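The structure is given below, and queries will be raised subsequently.
Chain lettering (A, B, C, D, E and F) follows the sequence in which the chains are written, and residue indices restart at 1 in each chain.
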Amino acid sequence: MTTMYGPDVTFLGIPRARLDDPTSLAGADAVIIGAPFDGGTSYRAGARFGPSAIRSADVDLLETARPHIALGVDPLNDLRVVDAGDVMMPSGQIIESLGRLEEAVSTIVAAGAIPVVLGGDHTIALPDISGVAKQHRAGRVAVIHFDAHTDTADFEFGSKINHATPMRRLIEAGTVRGDRFVQIGLRGYWPGPDVFDWMAEQGMRWYEMSEVGRRGIDVCLDEAFNIVRQDCDGIFLTVDIDVVDPSMAPGTGTPEPGGLTSRQVLDAVRRCALELPILGMDMVEVAPAYDMRGEVTAYLANRIVLETLSGIAKQRAQRTNA
Amino acid sequence: MTTMYGPDVTFLGIPRARLDDPTSLAGADAVIIGAPFDGGTSYRAGARFGPSAIRSADVDLLETARPHIALGVDPLNDLRVVDAGDVMMPSGQIIESLGRLEEAVSTIVAAGAIPVVLGGDHTIALPDISGVAKQHRAGRVAVIHFDAHTDTADFEFGSKINHATPMRRLIEAGTVRGDRFVQIGLRGYWPGPDVFDWMAEQGMRWYEMSEVGRRGIDVCLDEAFNIVRQDCDGIFLTVDIDVVDPSMAPGTGTPEPGGLTSRQVLDAVRRCALELPILGMDMVEVAPAYDMRGEVTAYLANRIVLETLSGIAKQRAQRTNA
Amino acid sequence: MTTMYGPDVTFLGIPRARLDDPTSLAGADAVIIGAPFDGGTSYRAGARFGPSAIRSADVDLLETARPHIALGVDPLNDLRVVDAGDVMMPSGQIIESLGRLEEAVSTIVAAGAIPVVLGGDHTIALPDISGVAKQHRAGRVAVIHFDAHTDTADFEFGSKINHATPMRRLIEAGTVRGDRFVQIGLRGYWPGPDVFDWMAEQGMRWYEMSEVGRRGIDVCLDEAFNIVRQDCDGIFLTVDIDVVDPSMAPGTGTPEPGGLTSRQVLDAVRRCALELPILGMDMVEVAPAYDMRGEVTAYLANRIVLETLSGIAKQRAQRTNA
Amino acid sequence: MTTMYGPDVTFLGIPRARLDDPTSLAGADAVIIGAPFDGGTSYRAGARFGPSAIRSADVDLLETARPHIALGVDPLNDLRVVDAGDVMMPSGQIIESLGRLEEAVSTIVAAGAIPVVLGGDHTIALPDISGVAKQHRAGRVAVIHFDAHTDTADFEFGSKINHATPMRRLIEAGTVRGDRFVQIGLRGYWPGPDVFDWMAEQGMRWYEMSEVGRRGIDVCLDEAFNIVRQDCDGIFLTVDIDVVDPSMAPGTGTPEPGGLTSRQVLDAVRRCALELPILGMDMVEVAPAYDMRGEVTAYLANRIVLETLSGIAKQRAQRTNA
Amino acid sequence: MTTMYGPDVTFLGIPRARLDDPTSLAGADAVIIGAPFDGGTSYRAGARFGPSAIRSADVDLLETARPHIALGVDPLNDLRVVDAGDVMMPSGQIIESLGRLEEAVSTIVAAGAIPVVLGGDHTIALPDISGVAKQHRAGRVAVIHFDAHTDTADFEFGSKINHATPMRRLIEAGTVRGDRFVQIGLRGYWPGPDVFDWMAEQGMRWYEMSEVGRRGIDVCLDEAFNIVRQDCDGIFLTVDIDVVDPSMAPGTGTPEPGGLTSRQVLDAVRRCALELPILGMDMVEVAPAYDMRGEVTAYLANRIVLETLSGIAKQRAQRTNA
Amino acid sequence: MTTMYGPDVTFLGIPRARLDDPTSLAGADAVIIGAPFDGGTSYRAGARFGPSAIRSADVDLLETARPHIALGVDPLNDLRVVDAGDVMMPSGQIIESLGRLEEAVSTIVAAGAIPVVLGGDHTIALPDISGVAKQHRAGRVAVIHFDAHTDTADFEFGSKINHATPMRRLIEAGTVRGDRFVQIGLRGYWPGPDVFDWMAEQGMRWYEMSEVGRRGIDVCLDEAFNIVRQDCDGIFLTVDIDVVDPSMAPGTGTPEPGGLTSRQVLDAVRRCALELPILGMDMVEVAPAYDMRGEVTAYLANRIVLETLSGIAKQRAQRTNA
């Protein structure tokens, strides 16, 4: 079996690949892998079933064509996208699990493809981004981070490695420059001022929901894109599903009311994929046990991945045509 | 019993009618019928319980007065609205079932009333609109179609008659002119470019959600109204509940994230009913088994029907006063 | 035990107080009490578990610091907020129950603190507002009322005291002036024109959702604030969770589609708390049995309370700094 | 409307009757009424929707024939059973509500029919049994009581009238003799020894689940039947759905693990109806908001009523044939 | 894709086969196919997702070994079991769908393997049993039928072919002898005496739950086995999940309280498989939309299939050893 | 806060204790601690919320008296039982977490009290039993283990320490003798014959459900008690909620159909507590996210704990009286 949990299927039925078989990756534009790990969660676990839920969210799309109506591209055909199954990540063994994931991501990047990682809790952003960055010079990978939370705590729940801390670890390690790290959708009551002080010192820029509401998300994105485009080889896009309002994406671990709508997040990741050079992506914190019976969170996460791939496909098509 | 499934009740307690008893239809402005058929669904069945769920969604309204606060009309009293129960439509017998529904709709139109059909899956739009159109000269009925999907495939799931094809059948048969058929709320990954090519050839106009978002729904509606108003006797309004974002209407069969809000759809149907000559309506694809415990999808569908009737009542009141 | 239902805990772990122990109230800026009463509901009961659900909605916040990111205050520390548990309110004994609550509210006001009452059905607004108002000259307390319904019926379900009537009772008794009573978020099909006529006679101002949509909520709030600020000692803020769209707050008794978004309601109560002199607040009609598995309604209600307290904290901080 | 909540339908579509219209009761063997009251609940409310849920639990039975396979009778045809709708019982007004119910039950008994009351919480046993007993000499009505709880507290939740006390009130008033009152299915941790002492003093007999398990339910029923048959005119059968294990009947207010199976309760009430002279019945504490999506609790309650009526029909048929 | 709905996987990960590829069936002891059809349902549809739910019910068993603890066999290894995917059965096209299924079953039998059909609604028993029987002389296949319902109606819901009639059609056609057709687990209120009269005329034997309860299921099975063993080539085992009490298997369309326990059904099918010559099996009426969140109905159906295969494996092992 | 997740309350409101404060443990007969760890789960996580759910399962019991009706004792008063909150056990850090738990259990035993540990996944049995055993001579603590699974694998999911292996680790370490280790309720398809061979070599005795069904659970318990009573200081009782049929306890991680009923498990633990010298207990694998809305699994687990404590109280009372 190539998946750790759930039926042994690929994302919407695309071809399988194996990370230990270079020929299966040859020519791939993007490689999807699952990171079914939730050992870093502080509260509701269950994101280990995220990859399975996102892959199978819509069997109506288990066809050979899935054309994006608005963009006029077929993301899983215009791009060559394969699914390499899950990385084996037992949730009780955090260090080994994250290590395996980083190696998997690096293998994909080395093969010339864009890694698309289906989480899993947000701890996985650490190996996801590290795995991409190590194929570039230090600080040359910028990050666009959609989330309700900053994930920049220093120490939480008695440890330095969990889903509250990955962004700090990345910046501390010099993997990513703080002033090329933009967060969109923050809100609520965590973390405290000391953490925001640290973030400001690193030159991070964040868009709290009040600002997004007041200025409009497109203005914020314009500004964010200007920041991350400078002196960088490309962008890692990390999307925590809890950036969306919990009523529209209830299947997640740490809900915070007042988020983006599902329409807004789809439009936003589309713009990222159309306008920025995407080097990698992860889609995290989908916890199906808290989802609605109609699985709306899994559908939304499935569509965020498809929307991103569609944008990439469109961008490439435009470049080719130009 | 006059209903096929569920308790034997009328929409919010309005008077009963019987299609085989002309006197019970006499003087009716609108007649509600249920079309509890889901034999045309490709994926999640369950819309057969839509009529029952929509009729009973809100027992707090089982009173004699239900005044619309914003419009200042009482739709079920200012109009004479009766409920003729369900058409018998076993889901395994698609041809007989659709035939009975078309006949029922024609009977209502012939009696001078507006048919309001509670589905059922969207296959029923074929008999709904045919049943209305046959009382008019060919091509004189225009259509406003709210949906996430075009429903214009040629052949799907091994058949020509199912919930993916009714709009194509209507246009092919000359029942409705393609250039008087407007779709609002499309999104996602279905159907393919060949289908959109066919639609363009027919002169259809569709508003994908990106356009709705960019231009605003009211601008799109203004434009749509201009199209359908020309050379037509009136409008059939067909509303698939999946035009609404699945988080706001999870109780449906083929959810597609990124839809209209419930507020937007209420305002949009109100404008249709206020500004256009409505000849008939259907409200389809409500599948209660996937709804939230609080039955929000059924409530929303109930309110879309009421909103439309309120708009019609208001339009008539204004005409009378003018 | 200090709570009537549910585990014996305080709102997010803040200190306990006892209404019969004046020293425990000394110095409190705000006192939270639960009013677990749903004997006034016409339809779905269950709001008796509202206080418990709101208190415990987010154990991730059971920490000593909960800084509001956007406002830069820590509402439960910058203000001294204590939780006095529940008032004992058996739902079958409406008169005694409401009497006990009014007394509790008065005790809090007399101690110089702002009462924050977690309902409970909306019947409790009667004792909540009366309990505050009796500490002021007649008519000197204005009301901002977020709700889908007017709650101004004269007689409903065979009685004069229930969740459909409290606002009428308050105005009839002269407790609050009709022309200092503003309602925001109304929609749907209740009550009838006679009730709206009565409301107009009292000089009440209401913002139906169509107006909110057309003019924008901030314009409506500007206008509303101008009304309630005149000739008054302060404002009572009463929030019925059903002002929010039922898809975003399904856990309530009388859902009405087409409401505010959760983002809108958070921003609106923040503005109230920042710009108006708040004398008291209640948060009513949260019925957990109809909530989603992820408890999104309880989270939202929890955040509405926190948002209000944050706004109050910010307003005081600004005043102090000025 | 004849029902207080929910669609305006009769139990499985049987004919309607009106208590204020004696001709509609003429010749009835049994009359079903709803008692949608839950103002006596100590914990989870929601039994107000019990009558609606029980009436509509199985639309497949909305036919003219419903033959009981094992007994060979058709309960709703072999007996003349009508449904008189709901008694108006606002949950906040306990005294008026119970008074109206007692009067309704008496009216039915006076008309020569067996009242079958669909609750509502168990408080209603007080008027149910009083209403039957007042048509007989004092102490001539015996009671068989299936329940997890004794409902014989003296004072609970600050009042003497609620769902913890009705059986005590009945015995204190002399309405029923303690030594003709048998309880089956008790278990758990309530009430205390003082209450059991009082019960023993009254000569009550109870079968705790340990005894039922050890001796077998049929042996217990044999013994119970011998007790209640002596010196009595007949039996009132009161069934609290929580006598069944909560996993098999989760839709109830005060679950206690370790109860009867659904098979056992059906067989037990069948024996009661076959072997005892039934004067009345109530079926209480069904709270649909806590039921499974498949509505298994409502189905079970529906079948307990049908099983009882089938047993009565069979007993009469046997008497007639003998 | 080889499945019609749901992820494209095999039963617990066993090897795939293709019915149009004889080599893939060569040597198979049993072949699993899905029959995702619910166009024959009278009430709750949704059994179309049964095959998908049963196949994937327990990913913990997606391993190479699944030893049955009690029997000491490994059913999916000691037998060669393959999965041939789903037959394409659009629910709106009943005749074509059933025809394709009958042909598929025949193909499997002709290849020398036991067909194990995952339904779908019980209409499929008609092609399932016909497909097996046509490979034998008329009347040489006996049937053991576990169900709450007889499924022997003549005409129901306006048609002769649906899930209420298949057993009658089989006997009328002479496919199966009435006196070699045994039903276990019947209960409730359907069908009427005329149907039971017809069944008695055919010599059918049925065990209503009262008899099962009184005599014990093992005594009933002993008797049933004696009946079906006479003059027959083997047995078709047809299991409707609603034979189990709805509280233990809520995910089904037509629940009837008072059924077998899950323990009883597992033991009963084990005995069938151990003591009778099984020629084929179907497992029908699993409707996941009504299941519990923990998917207990799908797990149970998965285990009924495994239990049967384990019994067959054990019987063969014993024969081999003898 | 003394709990790791959920509201900061004690089991049914009993007094708090602190493990680092010996005076708070003085005189305690039993000490409840939570072990909110699920880092050892192979499949559905979520048992981290078990302690919270079990503590708060029934607020109706949040009173000062909870008399056990059948046994005539009040377990939480006749015994002095305190609740020491949760051990801090982040699920991603398995070694540290288990170490802290073992120390906590030892502290309780050293204080002369019986530890009652609320899990958490079954990995915690390793520190639970080790913590008790280290206060006794090697091999002097016997184990009664209720479970669907043996939990005696050698290596699973890439590690030696997880919820599939604790019983093997205990026996390998010599902490418990294999021939004093009895398992009741096994069933299903895991583990394989090699593991059962190992178990047999250790002299373990297990009662698979077929044997329990055939011989009766009381006969099995008699036999089991004879085994564990020999040469031992006392018994550790470890109860995995999945020993119960998943339909009766759906809120768990690895459901296996065909288990004990809730009535059987209550009676069985009662006998253990009445007839054996209990040294400690754990109650594991309750995962609330998969529970029914009515929380029946949490109620059942709550009652298993209470039933055990009641049995212990009764045994002590009998000894005292003798």
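In this section, contacts are C-beta pairs under 8 Å (C-beta built on N, C-alpha and C of every residue); 3 or more make two chains touch, one makes a residue touch a chain.
Being a predicted model, the structure only gives us computed values, none of them experimental.
Listed by label, the chains that touch chain E and also chain F are A, D.
Fewest steps needed to get from chain C to chain F, stepping only to touching chains, is 1. Chain centre most remote from that of chain E: C (centre = mean of CA atoms). Sharing over half of its contact pairs with B-C by residue number, the repeated interface among C-F, E-F or A-E is E-F. Interface note: chain D and chain F, two copies of one sequence, contact each other through mostly non-matching residue numbers (shared numbers fall below half of all numbers used). Remark: chain A and chain B have CA centroids separated by 38 Å (rounded to whole angstrom). For this pair, chain B with chain D, the centres built from the Cα atoms lie 44 Å apart. With touch defined as above, residues shared between interfaces to two or more other chains in chain F number as follows: 5, 43, 59, 247-248, 261, 289-290, 292-293.
In terms of inter-chain touching, the protein chains here follow a pattern that is not a line, ring, star or complete graph.
Remark: the chains found to touch one another pair up as A-B, A-C, A-E, A-F, B-C, B-D, B-E, C-D, C-F, D-E, D-F, E-F. Of all the residues in chain D, the ones that touch chain B in their complex are 1, 5-9, 13, 55-56, 59, 62, 289, 293. Within the complex formed with chain D, the chain E residues making contact are 42-43, 186-193, 196, 208-210, 213, 245-248, 250-252, 254-259, 261, 289-292.
By the touch rule above, chain C contacts chain D in their complex via residues 5, 38-41, 43-46, 48-49, 88, 90-94, 123, 157-159, 161-162, 289-290. By the touch criterion given at the top, residues 59-61, 65-70, 72, 247-249, 261-263, 266-267, 292-296, 299-300, 303, 306 of chain E touch chain F in their complex.
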